[in-house]
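A, B, C and D are the chain letters, set down in written order, and residue numbers restart from 1 in every chain.
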Amino acid sequence: MTEPAQTRLRVRYAETDQMGVVYYANYFIWCEIGRVEYLRSLGYDYKQMEMIDDCHLPVVEATCRYRAPARYDDEVVIETRVTALRSPVIKFGYRLVRAVDNQLLAEAETVHVCVDRQMNKKPLPEKYQQAIRATME
Amino acid sequence: MTEPAQTRLRVRYAETDQMGVVYYANYFIWCEIGRVEYLRSLGYDYKQMEMIDDCHLPVVEATCRYRAPARYDDEVVIETRVTALRSPVIKFGYRLVRAVDNQLLAEAETVHVCVDRQMNKKPLPEKYQQAIRATME
Amino acid sequence: MTEPAQTRLRVRYAETDQMGVVYYANYFIWCEIGRVEYLRSLGYDYKQMEMIDDCHLPVVEATCRYRAPARYDDEVVIETRVTALRSPVIKFGYRLVRAVDNQLLAEAETVHVCVDRQMNKKPLPEKYQQAIRATME
Amino acid sequence: MTEPAQTRLRVRYAETDQMGVVYYANYFIWCEIGRVEYLRSLGYDYKQMEMIDDCHLPVVEATCRYRAPARYDDEVVIETRVTALRSPVIKFGYRLVRAVDNQLLAEAETVHVCVDRQMNKKPLPEKYQQAIRATME
């Protein structure tokens, strides 16, 4: 399998809660950033995918296991892979790691189904399937 | 002037930050709830306004003055008025008050302009103008 | 098993995304509201639990299966149960249902571990365990 | 006056709403990022400021004027200056610009007061005042 796509972000103050750590729902926002940057690493653009190909990828299932708390101003590395592709279903896996010490923060998966703007299932266009499969070998 | 529309909400854990109080941007989300409930108090529905009348009210200016911190689980009362209406421009004023002791938490204003789905300005339909003016007298 | 705790909320405009439906991470914020209202239905208050008992319940795992999209202004019913309790671990299950037609929107689980403010594990105090077990019979 | 601090971000899907543009409250989150990066450009770290100097900068007033909608995946440049400093009060000004075409998206101001963790006002430590004043000349 090729290397996962990597992207980085810095924890925002807005993302913390009164426990002093990142609120748990925000990790799913970070996964979305990971997905988008994964696609960009293939030369694709989720914005174009929606606008030009009328392909949208709503989430049908999402799971996160939290290993260590992320804190304000931490730099976080998001590693994103596609772990399964059976069009119109696509499954992403994520590892979220603190940059400074490589501490694993969380592992996540999301399952998506390709739909058009009326929310009807449609196959993921072949160009995306090919590019994605190339990262899965 | 008639009484402002009132609505209540309870502070979510997600809305706090590591200072132990509500993150400042979230007050603007509460103002949005105040606007929607103001319209509902007139017998209108912002969802219908968007879908049936193709009237959207993007914000062109927003201000909030923070008086006392809101905290997790506080019950907050939002009082909403229209303070100016010169179609297509409409201005809302808000008072956010802690329910338990009537402590003023924040005062806010938002200015909106009525647009269609292509973001072109359009007059606010007469039925809304009439209902709103009745609350301003 | 006794009835699950029920609470209601209305979908905020801020919670939608450009697909016209609720952004997937926000369901986890709703689950948090469900947990808090579950505790309140037992006569307890998560705020007090944190401040007086120094018990915090960070999430160690969270899963959501999305069944139908929630939309702006929908009224959503959150049904919350405790599905497993082996102190210091507690597991919640949620059903999110659209009020108007009882459409299932999502099912979710979250697993928590009881910790003190230094994030050290500690048993869930007996009073909470008893009250929770009573709802599980 | 020296150049404002600049930082860049990419609009997240989570930040859009069903109007297809960025939800208005999110611009205030971006301003927070601008403030933090402004401090970092002076060699300071807001995290350290809170933890070591016990200086927190809650917002007492915030205003944003929206000039053009930001959209999903736009790259946004945030320019941040301090526009007034009379310890313990500090005022920031922001220009948010779309990177690709330099379109002004929004202008904002926030006013802060320096407090300790008990929310009592305190002077902004001299080292910060000096570094900030150097950017205002």
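Some points to look at:
FYI, a residue touches a chain if its C-beta (ideal position, glycine included) is under 8 Å from a C-beta of that chain, and two chains touch if they have at least 3 such contacts.
Just so you know, these numbers come straight off a predicted model, no measurement behind them.
Chain centres here are C-alpha means, and the one lying farthest from chain D is C.
By the residue-number overlap criterion, the interface of chain B with chain C counts as same, with over half of its numbers used by both chains. When the C-beta contacts at C-D and at B-D are tallied, the pair with the greater total is B-D.
Separating the CA-averaged centres of chain C and chain D is a span of 34 Å.
The distance from the centre of chain B to the centre of chain C, each centre being the mean of the chain's C-alpha atoms, comes to 27 Å. The mean-CA centres of chain B and chain D are about 24 angstrom from one another, to the nearest whole unit.
Each of the following residues of chain D touches two or more other chains: 13-14, 19, 21, 25, 29, 32, 72. Against chain B, the residues of chain A that register as touching in their complex are 13-14, 16-21, 23, 25, 72. Within the complex formed with chain B, the chain D residues making contact are 19, 21, 24-26, 28-29, 32, 56, 58-66, 69, 110, 119. Across the complex, chain A is touched by residues 12-14, 29, 32-33, 36, 45-47, 72-73 of chain D.
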